[in-house]
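There are two complexes below, and they share subunit A, which is joined by subunit B in the first and by subunit C in the second.
Showing the complex of A and B:
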């Protein structure tokens, strides 16, 4: 655990500056279909500081990925639409940019890596070609210089004999190698924000660790920020400085990683932690959160978690709890729950 | 956790001397397929036949060294009249000329003199061509006198005009008498012995574009040799250099062909002739031209040259084709005439006229593929007809694929109202009977405005692109959901770049196959259109229109030979298309 410890030290030093790189303010992304309106992201706000890693965690369908795609403005329109909110990147609202301005930011300042390394690389081009194209487009390098850059990036992400691998096709590489190529491609233009949408989910456990370490190392080298989207709490504990817990299109809790892991406040977060397997008490059934995630077409009124919450009251059904600062926390810790005190007894 | 992620153990780690790039893999795949090689070879030869049709089958000789007695005699006879023509103008003053100048006459006095002088120059040139150099001074003196007349007339010196003019007239008379041609074998000492004039009628009629394709195809057909020499000798099998030289090689080939066509144009004039008929053979047969040396192409018959007495003659290597040289009757087979049993009357027939340079009447190679209703040699027409069919096939396929791919990309990638609009338009187009649409469009095209061949190409492409568009759209709908498309956009690529560089190459496999089929259907459509009289106009031929020359089973050669060629072309395109599709798909090779 030495890496995480040193990392947190350096991060604390950095936080002195604490310049926000990315701020989401009440972002709402809806999908319109014949069945109605799916409110996939419904009022998400969080802040990502320069140089830090923000983990976004939540169940499938809670809007994590749609939030990330909204930041990149890669929501398919129609049926999707960003109906409200602001995405401030270095204080600039990305939603007000033209298509051409946004293209200059994508891949250059904000890069993204995807969950499925099997399908995220174009099968008809060599991996080198795909990096070369990106670099030529954004950095205006010549083809030869771009090829050198591609080889350099491939060696940086730990691909052996990059001089020959650069001419390989994606199908000639293993899953882990492909994810490394994806990272090399995303990093090739030196972005200041890397959005990693479940980068390790499709990989086996040893490769997962390697990939996450690689991202952490690259982050240390370049000082970029990382928006890490995952449903894996272990991954969050390993790499994130702050955590945003999402449920049904909303952020329900936001805190520093140590703080959240020590004292989760929201009933949903508490439930999540409780459903982790406990190595100390094997042989027992895992506790689960009862019920299912509500459909994005019909969210319950008031607090969206109330249908699955054991301490829900009438108040929860009537009014939606705002994301409020927790009084006795040392760091920034906000929770959206009416019954914080009761939640501690869970 | 702190272990550095060099991932040394992840790759196969084997050192590789070189890595194959995409085209290395593609060529390797293609080289492994014998059917591809066979198909390509046959297609290359078919296209060679089409491109070299003027060299293979033509009634123009390659080289002709001949005395044109008629032209020479006419030139000698005309020297007097052309002198009078010059003098008629020269004897007027400039003012007089301008005063009663006709409406079409040259605008200036000098222009009028030049116009009268130029026939004299060309007549003298014709004569000089046929005469040895020692006879030249007298003729040149004659031209000099005419020039003097012109100079004097311009100076307004009427006296000199008169005196020199008389001298020129006298000289013209002398030349006519003394320079009369002496026919070969004639005993008299009178006149001049003429020498043959060398000309290259076939090459002179070949346009620079034909020369370009001929040179290009010569390089293509010999490509294995060039490629071997360049790669092994010049580049010493260094794969890196071979790869870098790939583009220069292709562009070099084009450049050599272009240079050849320019040299050709400067050597032979590079006129664009229609090739349908040339006067050489009949002039040689009738004796107007007397050849001392003549080299004809292997099939010395023009594609529009008719031998009416030989209409529907079966291939000359069959027994039913033998004809009697004197009566012109067939000797065997169903067309052997039967005498009336009572009167013994035989219907008369015209004996076949054997023209200069043609094989004998019953030689096996006179009409290898028989003749059509006008006695035109069918093999020659097939060779020339391939030009139209293969051009229409490949151009229409290329054009409709481009149109279809563009619309399919737009519909599939953008979706929404773009998709709806394009798809409804496609459905409307597909619900109309394509053949009638094509015929209607052809009926409204003016053949003087646009060559019917290109009109067919455009019309076929504009009507048949819908299938390709639907294919591409389907592929796009499938690929659009793939993560690499989102990834491409996440890397900041524009929509156009994403469509054409990232999605389209993944969607090309079915398109390539359908393009190969489109060549076939283009050839067939052209044949139907030509048959109905809306396509190429006679005497031009295409394979399709040749099939329709006769529907009688007696005339089997009419349907069999062009039909076989269409079948061969279509099959080869399908074989090649199949192989190329597989080779271009990187997922299929490891």
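Showing the complex of A and C:
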């Protein structure tokens, strides 16, 4: 058996067996303030498979970023607290680890990149130093070897003349270059999971395309999984294998990307797609979702979307719909709605 | 679109805005940031012209200079309040002479959090322009403010509340009500919907369209989100490093882009359709600095079809028919 055959075999195995890398089970992260309790993440469950990209999409305040920060355990405590649930990474519950054990995983096995690279990078250290620090800490390399690794990583993420750029400070780089540096830093320890929180939102569209291509290439090379958090359905369409749609601290729909875009089931997802100007004919009014996202301090009873939903009934106010498998789907499509049949007529 | 041949509301010619760079002990003038470097366009009545381009292309500066929030370095802007009225040279007016025209020319900003004074109630924010221009006071003022709030889809009772009590979408509606108060002829929308969530963005776009219908407003819509631009505009001008590289109707720009930059920009937009998933042909590198823009065609450093003369010669603007123009050497060859 040749090497490439072995690789193909393991690829097939990975896809066939669909090994979960990260599983969230009923995760709840609350923030306690004088105003009350903000239930930012309130019972989120989803699974990310080895080697795949899971897109998490939703509007501001739906809890998509807090979910990711909870995985990294970067929630400020207080006011925040992970009050319930499990975060299984390779079957191990991260919430049961000690601080020291978690530090070995954070930045090493799970790395994260953020929306605003300027605030994520330390302005008083050269970009090289920031990568060197990471590799020395996690991989135990000497300073010289770590510097070589930093240069190698910078060149891998497409930074021109990395030998000199390694000594630049963040302010000397453009926004796109800074995001490349963030990615280089995240990739420097060979993580098996990259969490990308709106990685291209602050960038111009041509630079966004560069960054998304770069992440896809790195994923192909290393086989890592990507948890991509974004508000942009088009970015999801181009990059994700599966999608979780979040609303008001909960996952309301989960499906394979082609299936979700072909046939969204939840009234919220349907409304989101309709309000995209891409799909509207010029001159035609954009269909909108009325009202605004409810505050995390006062979620409505029952289904949280019912206050903006055109097919809501008394049942929706009384009981919260569970995330259940869609009966007529061959996919792993799940959706949380009492009135699926009616939603199809929307 | 219908008014393309009638007298336009505003005609801008050769607009330039340089920001001087001073250095050293005596603040020696060592160079300029050429934010806007000779742009010309016209805005028709009841029409939306979008200025698009990447950060630093000068689209925001263009909007601000036009309203004299910044002073132009060169160029002229001819404003005709009504089709028959005498032309007004906006850039030749003193700030005092400019004041009456400010009623007609308004702006909405990107950040609904930064553009409202947190210590002034919503009602006063919206009523302020009416007071300043002596249009209404007392109970008449209150009535008008309530009217405006209703127009933008807010409840009139909120007039006594403060901006922090509102969401981003609601604040943007307040900003629109303020811009609308003086019944303007033109509103510059500077990334007015960029900071909003998809479902809220759609609400605000619909509102802008409705108001255009009702009051016959023209918009200069400054944006980087091309899917919104495609939906809302009649005409589009694509800017790169302070210059307009291509200009035409929305259909011309989106269906038949001729400048390599426009083509690259359009190809970079992700599509919300997983079946169309493809690797983009991304532009290499970043936008160069406007302090030392590249010689010749500004785009030559990133252009996939660059030729020798692009590096030295500034391309002329070619007329491609029906008002569609583009500044590229290659288009001259085809003709």
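Note that in this section the second predicted complex is superposed on the first by the 328 of 346 C-alpha atoms of A that agree within 3 Å, B and C clash if a C-alpha of one lies under 4 Å from a C-alpha of the other, contacts with A are read in each partner's own complex, and residues count from 1 in each chain.
Heads up, the rule we're going with is that a contact is a pair of C-beta atoms (placed from the backbone, for glycine too) under 8 Å apart; a residue touches a chain by one contact, two chains touch by 3 or more.
All figures in this text were calculated on a predicted structure; none of them were measured in a lab.
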| item | value |
| --- | --- |
| Subunit B versus subunit C as contact partner of A:174, first or second or both or neither | both |
| Winner by number of subunit A residues touched, once subunit B and subunit C are compared | B |
| First, second, both or neither for A:213, with subunit B first and subunit C second | both |
| First (subunit B), second (subunit C), both or neither touched by A:92 | neither |
| Contacts of A:325 with subunit B and subunit C, given as first, second, both or neither | neither |
| Which of subunit B and subunit C A:103 touches, first, second, both or neither | first |
| Partner chain(s) touched by A:233 [first = subunit B, second = subunit C, both, neither] | second |
| Which of subunit B and subunit C A:271 touches, first, second, both or neither | second |
| Which superposed partner A:122 touches (first subunit B, second subunit C, both, neither) | first |
| Which of subunit B and subunit C A:285 touches, first, second, both or neither | second |
| Subunit C-contacting residues of subunit A that also contact subunit B | 174, 176-177, 209-210, 213, 238 |
| In the complex with subunit B, residue positions of subunit A that touch it | 1-4, 69, 72, 74, 78, 103-108, 111-112, 114-116, 119-126, 133-134, 137-138, 158-161, 164-169, 171-172, 174, 176-177, 180, 182, 185-186, 209-210, 213-214, 217, 238 |
| Partner subunit C, residues of subunit A touching it in the complex | 59-60, 174-177, 204-210, 212-213, 231-238, 257-258, 261, 271-273, 275-280, 282, 285-289, 292-293 |
| Subunit A-touching residues of subunit B, taken from the complex the two chains share | 1-8, 10-11, 13, 15-16, 18-22, 416, 482-484, 486-494, 497, 501-502, 505-506, 585-587, 590 |
| Subunit A contact footprint on subunit C (complex, rising order) | 54-55, 167-170, 197-203, 205-206, 209, 224, 226-228, 230-232, 250, 264-265, 267-277, 279-280, 282-283, 286-287 |
